[in-house]
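Sharing a structure with you now.
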Amino acid sequence: MVSDLRALAKYVEPGVRLALPVDYAGVSMAMTRPIIERNARNLDLVCVPTGGLQVDQLIGAGLVRSVETSAVLLGEAGGAPRFNAAVKDGAIALKDATCPAIHAGLMAAQKGSPFMPMRGLIGSDLLHHRSDWRVIDNPLADGGDPIVLIPAIKPDITIFHAPMADRFGNVWIGRRRELAAMAYASATTLVTVERIVDESLLASEMSAAGALPALYVTEVAVAPKGAWPYGLWGEYPTDTTEILRYARAARSAVGFADYMTNAQMEPA
Amino acid sequence: MSEVHPREILICTIAKLLDGVRHVAVGASSPIPAAGAMLLRALRQQAGEKGPRISILGSVEHNFFTNGSAELFDCAGQGRIDAFCLGGGQIDGRGNVNLVGTGDYPQTPVRWPGSFGSAYLYYVVPRVILFREEHTPRALVEKVDFISTPGVSNDGVYRSGGPIALLTSKALFRFDKTRPGFDLQSIHPGHDLAGIKDATGFQFAHESQPEQTALPNPQTLALLRGRVYDEVAETYPDFAAQMRREIERPLSHAS
Amino acid sequence: MVSDLRALAKYVEPGVRLALPVDYAGVSMAMTRPIIERNARNLDLVCVPTGGLQVDQLIGAGLVRSVETSAVLLGEAGGAPRFNAAVKDGAIALKDATCPAIHAGLMAAQKGSPFMPMRGLIGSDLLHHRSDWRVIDNPLADGGDPIVLIPAIKPDITIFHAPMADRFGNVWIGRRRELAAMAYASATTLVTVERIVDESLLASEMSAAGALPALYVTEVAVAPKGAWPYGLWGEYPTDTTEILRYARAARSAVGFADYMTNAQMEPA
Amino acid sequence: MSEVHPREILICTIAKLLDGVRHVAVGASSPIPAAGAMLLRALRQQAGEKGPRISILGSVEHNFFTNGSAELFDCAGQGRIDAFCLGGGQIDGRGNVNLVGTGDYPQTPVRWPGSFGSAYLYYVVPRVILFREEHTPRALVEKVDFISTPGVSNDGVYRSGGPIALLTSKALFRFDKTRPGFDLQSIHPGHDLAGIKDATGFQFAHESQPEQTALPNPQTLALLRGRVYDEVAETYPDFAAQMRREIERPLSHAS
């Protein structure tokens, strides 16, 4: 089960649909460069429900065909420069969404259903630009009552970072249940962790409550500080200085390339 | 005690707009709405009541959710969130909010992060306070370039929530969903109607002599500057420190 | 937050829709007799997703108008005698379901959606007898592809038993996430627990992962061995002897009444 | 080693029917299917392979799920469960299963517990093995009184799973969904075609000289009686003890 990051990156073939978590949930930043080295293009990203540094870097590296997201930003460091440039240039296809619509699409996949209904959205320009979303009249109402159906989102691959896995492949995700939702919905789930523990996480009710069972986990690899420069809940804080450094550098394509070539790959 | 800081007027105004709510959610990067909610809680608790529950999104310390990032939206859909503060790159006279960008979509020349949860929360949270400090014709427009989420919905569309007010650094507007449009409720100290009109890209209703936004009374201000800033500092240390610095010196930027 | 069982039972007014958990998830058997004493009739029960001893006893006491369930049984002790008798006599209205349909209805309520779609069911007689379920053609397919819509299940009250709560009203439900689903969907949630702990369950990532936040919890009362004769996961096993004793006694209405009057209310 | 116990033939037959699956779910009160799955796992691991994942529902010790009682159904809907054993108060010749009761619904004179998850799992789990030890005209009927879940679905109905076989104490049938109906595959030792016909309430296809159900070879039987019963005993101690008692003495009830 334990293998290295480059081996994990091999799963990321050209054209796959790749789900990535929100910045505070556990981003496997350690996988970003192995994916870029592997150079699989035409990726369709699904941000659950928003994207940040990792998404911006994959876009900057030219690997991304489309982004489905509720937002892309670098937190306190502001807008995501390579994303914003790609939008302006029309270099990526946009599937702008709203957070609960991303969750609804994953939930449909989790349930084996073709869609989930969702309130809201009607009258939003998001809806006008999403030909895959459908408005119907609520069949359980007496007439009228339009409601949006969000089709199932079935990523080929989910990648995230978590504090620990056990040697049986169970991963501790704590209260970050969206990581489980992503894994349920995905064909392949790749996880990097701070550490591997010997005892099964399912052995005690306390640790089992926050465990994603190995059933949903394709591969686990150890990557200490693997979320850096993002923080990891319960483990270490975000390195805002480094994210600001990136944000400044990546304002231009040249600056981005220079950062990716020369910046350290691990925390100081 | 020094004079009231302009942002303290905003905080106190938000506390008033939230009065009566059981549960308010605020964004992790929204210290002024959070301070308003905390002030309301402190005032209610001073009066021997329970005060509202405050959920601060994205905060590890003040995270009352245990079901991942979907729980906020579920919670709102269940009717358990009474109030929320929403900003916007552009806000127009019908209460439409644009969080996506300016110009023609999708190749917007200026791209903002995106719509986040607005295209759901704005529909189902009963009291949404639009909050944007910048009060300029660029921010408050006649018609947004992209409707992330609309101010009003057609008859027959499920909508249990929506905007009740728009608060800026210059004024407070109430939202009249029947018209639909904004009514100028009050003008903050140091501003006047002509200046508000110049700074606002949309038409709005108003009295010929609009009221001035009420200042907090000394007891409220003392509570804010004592207990509430202490509480604010736990989640927004930089903001709390800045406020405490600024109220200790003459306010040169009070307009 | 802590109050006694009779005070909790006052929430159970006549005609309410009451959701109760499956036997292994944490049944608040301690609440059964206070509810029966309170004598609120015309209850509509929702079993999540199946019912057992508590459901049988509420039916035997004549409090139940309808039961929505995927099954009612006493585990190793076999069929539920008062349920079976009430079915035969037509004394209760039946809303026979299948487990994932109960979960789908609660999920719809959790999401604030009017319904959830669900695969399966088509061609089952369950569907023929559920006028509240609706078949539509999947609007996202090219035509045909019938699918069932399950309307939201919004219980007035959920009652369950758990190992612990903290003094802030947060309840530890471990991996029994259906208890959270029930609480999310319900207007009122009443919980009995083995014990109250001082430290907030939300204070550590480990305990928070299995916690139902106080936000969803109306009242908590302490009831040691409160699931007995059912077991409670991680705490104590089921007292099969007592359930068998009940199953024998409750074969007749007289035997049931005798059991309820004379049998002990607590484990020996 | 004593002669093969009739239930051991069932266990070995289930192991064969499950061959190739990655993940099988069995009920907490289904020791024979569980033993079949465990035997398959032991055989595969003996051959140096990984063997199937076995989820035992309702078991605290063998609970691989962490998302409540909905997870099994979600997992099946995701296509992650390849096989499942399903019983039934009545099973008919079209593979329909009745878990609700006999006679007219809803006031069924005989009421069984209910349909559980059958009206979903039977549709989405690719290999469902119908398993009912009682082989009588009462259990195997021409037409069930209530269809908890149907054996086949009309064209156009989403159905990725369904019955592949029916295993009883007397025989093994294969399900032909094109007809639809059961084909007698083999008869267990001690039974014959005439007896099977008498005991079966529905019509079925058969060879004129049906095969006998294969007995396990000595190596398989040794594995079953060693490692597998040890594993079975962890979850089903009473069943494992009973099997071990019965294989130590002459089988008077082998028919």
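By letter and in written order, the chains are A, B, C and D; residue numbering begins at 1 in each of them.
To be clear about the criterion, a residue touches a chain if its C-beta (ideal position, glycine included) is under 8 Å from a C-beta of that chain, and two chains touch if they have at least 3 such contacts.
This one's a predicted model, so the numbers in the text were calculated from it and none came from an experiment.
Visitor: Looking at chain pairs C-D and A-D, which one is connected by more C-beta pairs in contact?
Guide: C-D
Visitor: What's the distance between the Cα centroids of chain C and chain D, rounded to whole Å?
Guide: 29
Visitor: Return the distance between the CA-based centres of chain B and chain C, expressed in whole Å.
Guide: Each chain reduced to its C-alpha mean, chain B and chain C end up 41 Å apart.
Visitor: What is the distance in Å between the mean C-alpha positions of chain B and chain D?
Guide: Going by mean C-alpha positions, chain B sits 61 Å from chain D.
Visitor: Multi-chain contacts only, two chains or more: what residues does chain A have there?
Guide: 107, 111-113, 118-119, 145, 147, 175, 180, 208-211, 233-234, in rising order.
Visitor: List, in ascending order, every residue of chain B touching at least 2 other chains.
Guide: Chain B, residues with two or more chain partners: 63, 65-67, 73, 77, 124.
Visitor: Considering every pair of chains, which are in touch?
Guide: Inter-chain contacts occur between A-B, A-C, A-D, B-C, C-D.
Visitor: State the interface residues of chain C toward chain A in the complex, per the touch definition above.
Guide: 100, 104, 107, 111-119, 134, 136, 138-141, 145, 147, 149, 151, 173-175, 205-211, 233-234
Visitor: Which bits of chain D are touching chain A when the two form their complex?
Guide: Per the stated touch rule, the residues are 23, 53, 63-67, 73-80, 124.
Visitor: What residues of chain A sit close enough to touch chain B in their complex?
Guide: 22, 24-25, 48-50, 69-73, 76, 79-80, 83-84, 87-90, 93-94, 96-101, 103, 107, 118-127, 129, 144-147, 175-181, 233-234
Visitor: Which bits of chain A are touching chain D when the two form their complex?
Guide: Checking each residue of chain A against chain D gives 109-113, 180, 184-185, 202, 208-216.
Visitor: Residues of chain B touching chain A in their complex?
Guide: Going through chain B, the ones touching chain A are 29, 58, 60, 63, 65-71, 73, 77, 99-101, 105-109, 111-124, 146-150, 153-154, 156-158.
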